[in-house]
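Two complexes follow with subunit A in common, the first pairing it with subunit B and the second with subunit C.
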Partner chain A sequence: MYKFVLRRILILAPLLIMISFLVFSMIQLVPGDPVILMLGEYSVANAESIQALREQLGFDKPFYLQYWNYFTSLVQGDLGMSIRSKKPVLEQIVQRLPSTFELTLAGLGFAVVLGIFLGVVSALYHNRWPDRMAVTIALLGMSIPSFWLGLMLILIFSVYLRWLPVTGTSLKSLVLPALTLGLWAAGPIARFTRSGLLEVMRQDYIRTARSKGLRERTVVWHHMLRNALIPVVTILGIRFGQILAGTIIIEAVFARPGLGLYLLNAIVAKDFPLVQGIILFVAAAYVIVNSLVEVTYAAIDPRIEYG
Partner chain B sequence: MRKALGLMLAMLVLMGFAPAQGELTVAIRNIDYDTFDPNVSSFTQAAYVFRNIFDRLIYIDENSDLVPWLATSWEANEDATVWTLTLREGVTFHDGTPFNAEAVVYNFERMVDPATQSRQAGPLLGPYDRTEIIDGNTVEVHFTEPYALFSFALSSPFMGLVSPAAVEEAGDRFNQVLIGSGPFKFVSENPHVEVVLEQNPDYNWGPEGLHEGPAYLDRLVFKFILEDETRLATLLSGETDIIDEIPPAQVDRILQDPTFEVFGAPKVGIARSVFFNTQKPPVDDIRVRRAILHAIDREAINIAIFKGVYPLASVVLTPGTRFYDATLEELYPYDPEGAIALLEEAGWTEMNRDGFRVKDGEVLRIDHTTFPGFVAEAPAEIIQAQLRDVGIDMSITVVQGAAYLDGIISPDSIYHSSLIGTYSPDPGLILNRTFNSAGMGTTNWAHYANPELDALLQEGLQTTDEAARTEIYAAAQKIIMENAVVAPIYANVSIFGAQGGVSGFKFDPYAQPEFFDIRVE
Partner chain C sequence: MSLTQPQPSRGGEPARPVGRWRLLLPQLRRQRVGLGAAIFLLVVAASGILAPQLAPYDPLRIDARNTLAPPSGEHWFGTDDVGRDVFSRVIWGARISLRVGFVSAIISTVIGVVLGLVSGYYEGAVGFVILRAMDLLLAFPGILLALAIVSILGSSIENVMIAVGISAVPTFTRVVHGSVLSVKQNDYVEGARALGCRAVGMFRRHIFPNVLAPVIVLFTLQIGAAIFSASSLSFIGLGAQPPSPEWGAMVSRGRYVLSNAFWMSAFPGLAIALVVIAINVLGDSLRDLLDPRIR
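Now for the complex of A and B:
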């Protein structure tokens, strides 16, 4: 188990270096000269001052040299400065991480509760109306575009009812975005819970448990769900990336200070160091979360062991 | 009962729930601002914030007249190579540093230092050479060439003056300290989310005759909200007092409710225009460009998309810009017949099965690039339909962010045109930047080179004589329009919405909101 975790961490370093190179190359393909983009439409900067700015930022150097400069400071733990805001990249990421983390966690939490609830309902009432209703809710959650859902929630709860703020950093302001994200992410969880349960229900040990005279609640929650959840946990790990991506739109709609929206801006502005920094962070988080998921398998299912 | 209420109120106050007296919250669209260091930034909407923290030497009032601020007077020598500035006394920065001749020298040197990476302030100093201190409150600014627009340049919000001591102390982190001498002090920033400013109680040096004493507001809070609908929702729900960038189509909806008000200021300068790549066939042909100008019905665009809120533009400069030449307005009336005649004269006589013109087997096709949204993408779609009527096949490529600029910056770009404009109350610097051949490959979006125009634009920057400048810029506008270098479409407008209780809301000629006179009921 420890060896397994250690191995995962060791893999992370070369992986991140590879990612940094890939991202660096890919940004070169994005159209736009970062200096021109930085100046925007309204600058009075002329050709001369633009060239001076380019040299100052090192953009006049060839690609491999630019990457090498970046790489050497990266291995020293320096993520550099954002070219647009001239603030340290690491500091800016750390500043925004909590907000995205909060939203992802709250959204995921809501998605898990709602998803498992819907999944259990539809499996237990297989092919009856509660099943159909649960499946419909799950499908709706997945298909309604989250920016539209977000705006509708804002209209209802903030503009008309005035119960919740549109934006902000308070716990109250987390409710609507978490709800939007959760509804979107609950669908797959519900479906996997449902199919997992349906499969498990037909197993012999369930019949045994029932014939032992166990209460139905114990059978469902203890014997069935625990076995049915393994694919759900896997899906959570894989979906983590998608949920992180989903936060971009939700952060935009609710004007939240998260990483997702920031990354989008950084890409559009061709702010190399910032894009790099955020992607490296997200990639590391992705690897770590998936490693954690694999560790959780063992906790849920004693048959799985890591040597 | 009354006692209980009083107690509750007192508790609320103690808990910090009572609204601060005179707090104003402003929601701003652009979340991708760069920095609030005025000497580094180039973002207009960053200036909405930092103009409150940093004073300038000269103010520009609603009539585009220059008004004394931290400079009480200014004067140029005969050929405008040396400017003498007299400075106001008794001004201190928020950290207690006195404002004087040394501070001015420090600021100018900082703006032009390459290490500052100034995007707007440095370029605004033009052919700056050095500044000499004459006495504690007088400086002489020397230029390597005549620079007639220096006093105007000093009125730009990007010319905000920073505290030398604070810059020395904070170094690279000055953009997180932000010490100026303005009516508001910087309190905190949650990047791209919220900035909080508070009143500077000692402030007593507002622009002459415009404002006396400290600002009326205790606190000024800026929130950055990208989504139009979300921003509007915060105004409707009462979370914000003022929001910017209201889409014209929403203006009526807001005005239906008498609790809200709408304010607008046209952004004067170079009109949002179709800039042609004048070196790329088929729009290298002046007849094709003229035909396009005649084929575009600007009025229809304005009504369909801007609900008549945006002023039409018929000349490269927008009405209201200094030296605007109204006599050129009738040069290109909407005239599809005339457009067809011009295209046929240019040899585009055959038609293919799709109804587009063909010459030597080549279809008359224009690849247009734009950024998304109603200000540029929507007009492009209408222009596309209008050009179709005269047999021109226009394709539209929508590019996210400012990357569309890149498409038109290179002369060998794959695009023929883009819709773009820029603004400034005095057209001298922006015309020179946009149409001087020296800007080829960077800022000359039309890739247009004309020695006569270059000479005019250069001369316009070097003479302080207003009558001479009027003639120069009339001639420059004429050359640009007669050669159909651009197809002007409309003048952009800065539209703000506010709660009814907000009074004293004004714009300066840069179409930026002015906060020092605002009160909240």
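Now for the complex of A and C:
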């Protein structure tokens, strides 16, 4: 087990370094002079401020040295300074993280509950109408653009019925965004649960459990689901990343002041250090969570080789 | 029914073996929903192509006296905040969205398949580097990679096609890589190699035909995924720019008047949803038809 964890860390470290390199290179790939692009119309004619920003960002140094400086500050938790607000990037990220984290968790939670429920209904009523209905709901959830679904939910529940607020920071204002996000992410979970259960249902030990005279509920919950859900756990890490990225759109729809909305504003404002910082942060969070999920997966499934 | 069993011949004609299509036909009949989706998509594509003839109004013509008019016999989907006919704009939008879907899916397919074939065939250092590069791209989940690329290239519908296209490359590479590895296990590939078959011939004759089925399925599904992502990017203002009648951009513009003119957002969004649903249904049907292993 220790060996397995160690190996995951050994894979993770170079991946994180590569991510930082790719994110750092972003700015080099910008067509034209990034400094002039960043300053925009504020001070096009001002050669001094251009030179100052160029030095601040280290653009006067060779590429490898620039990356080295970037990397060493990164290790010390320094993600650079925002050009617009002139505040440290990490501090700004940490400020907006709770809202995004809250939404991600709520969305993931809803997606897991709905996805497993739909998957179980599908498998238990295989090829009958509840199955078709569950499969259809899963398909709709995956296909309907979340930004539009969010707006339509606002229209129905906030504008017409007046049940829920459109924006705000209360728990009530979390319902619609989490619902929108969860419905979108539930589809693949439902499909995995369904196919996993259908696979498990054919196994001999299920027949044994039934012939022992166990109640159907016990067979379903204790014997089938336990094994069918193991592959579902593996895709949770991936789902987490997609939901985290999905919050970017959802925060824009519901005007939630989180990391995603902040990233969009930074992109529009051409605040590249901020854009780089947020993208790096999200990617790093995603791969770290994914590794944790894999380790957990190995821990709950004794059939996995740790070697 | 066996593949090679000769059919009873008529009038002295030589008996023909049952063709591939003959075998597929009964299966095709079972895919009624998929067929319906395909017909719907053809209608959407045709109306997009024929938009100049079909659209009742100019999609860009501003009519200041007729803003935010609700749906009526004259304007089926109402008019927007500057008096443009929403129905005409939705029809023109089909053109944009389908083109975006196709072009970016082709970008992902071409790059992804080539990288997948190469990495599967040359398992050594080349394969390793390609697969690690794909892992790196996959570290940017969902729409984040496309977002990063658009923030580098700048906001335009062309850049969105490139960004969305690149961000789906790893999916294709991984699937093709896996297929190549399993195809290579077959004796006939080994035999061809022993007979001196060169790499190019090997790809063309033995490996590519075998990975074609999953690629066709993925390509179809990717068109839908690309339309989904591209409209999301346009919604947040990083894709198609006004006054383009792009569906995502139209939904975005409508949200500011959502409570008194729902039709501005509702209809273009419905168009995206229906097209993506149809593509996903079609993709699933194709998967059932072409790839019985993953049913």
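In this section, the second predicted complex is superposed on the first by the 238 of 307 C-alpha atoms of A that agree within 3 Å, B and C clash if a C-alpha of one lies under 4 Å from a C-alpha of the other, contacts with A are read in each partner's own complex, and residues count from 1 in each chain.
As a convention for this text, contacts are C-beta pairs under 8 Å (C-beta built on N, C-alpha and C of every residue); 3 or more make two chains touch, one makes a residue touch a chain.
As the structure is a computational prediction, the values presented were derived from the model and not from experiment.
Judged by the touch definition given at the top, the superposed model places A:Met26 against subunit C, while subunit B stays out of reach.
Residue contacts after overlaying the shared chain place A:Val268 against subunit B and subunit C alike. Looking at the shared chain after the overlay, A:Leu15 reaches subunit C, while subunit B stays out of its contact range. Contacts of A:Leu244 after superposition on the shared chain: subunit C is touched, whereas subunit B is not. Once chain A of one complex is fitted onto chain A of the other, the partner contacts of A:Ser211 are absent, as it touches neither subunit B nor subunit C. Residue contacts after overlaying the shared chain place A:Leu155 against subunit B and subunit C alike.
Of the two partner chains placed by superposition, only subunit B is touched by A:Ala52; subunit C is not. By the touch criterion defined above, A:Ala283 reaches subunit C but does not reach subunit B. With both structures placed on the common chain, the touch criterion links A:Ser143 to subunit C but leaves subunit B unconnected. If you count the residues of subunit A touched by subunit B and by subunit C, you find the higher number for B. Residues 30-31, 147, 151, 154-155, 159, 252-253, 268 of subunit A lie at the contact with subunit B in one complex and at the contact with subunit C in the other. Across the complex, subunit A meets subunit B through its residues 30-33, 36-47, 49-50, 52-53, 55-57, 81, 84-87, 92, 95-96, 147, 151, 154-155, 158-159, 162, 165-169, 252-257, 261-262, 265, 268-270.
Taken together, the subunit C residues at the contact with subunit A in this complex read 132, 135-136, 139-144, 147-148, 150-154, 224, 228, 231-232, 235-238, 248, 251-252, 254-255, 258-259, 262, 265-266, 269-270, 272-273, 276-277, 280-281.
Listing the residues of subunit B that touch subunit A in their complex gives 31-32, 34-35, 37, 40, 42-44, 114-115, 117, 119-120, 122-124, 172, 175-176, 190-193, 223-227, 229-231, 233-234, 236-239, 399-403, 405-407, 409, 420-424, 429-430, 432-433, 438-443. Residue ranges of subunit A in contact with subunit C, taken from their complex: 15, 18-19, 22-23, 26, 29-31, 139-140, 142-148, 151-152, 154-155, 159, 238, 241-242, 244-246, 248-249, 252-253, 263-264, 267-268, 275, 279, 282-283, 286-287.
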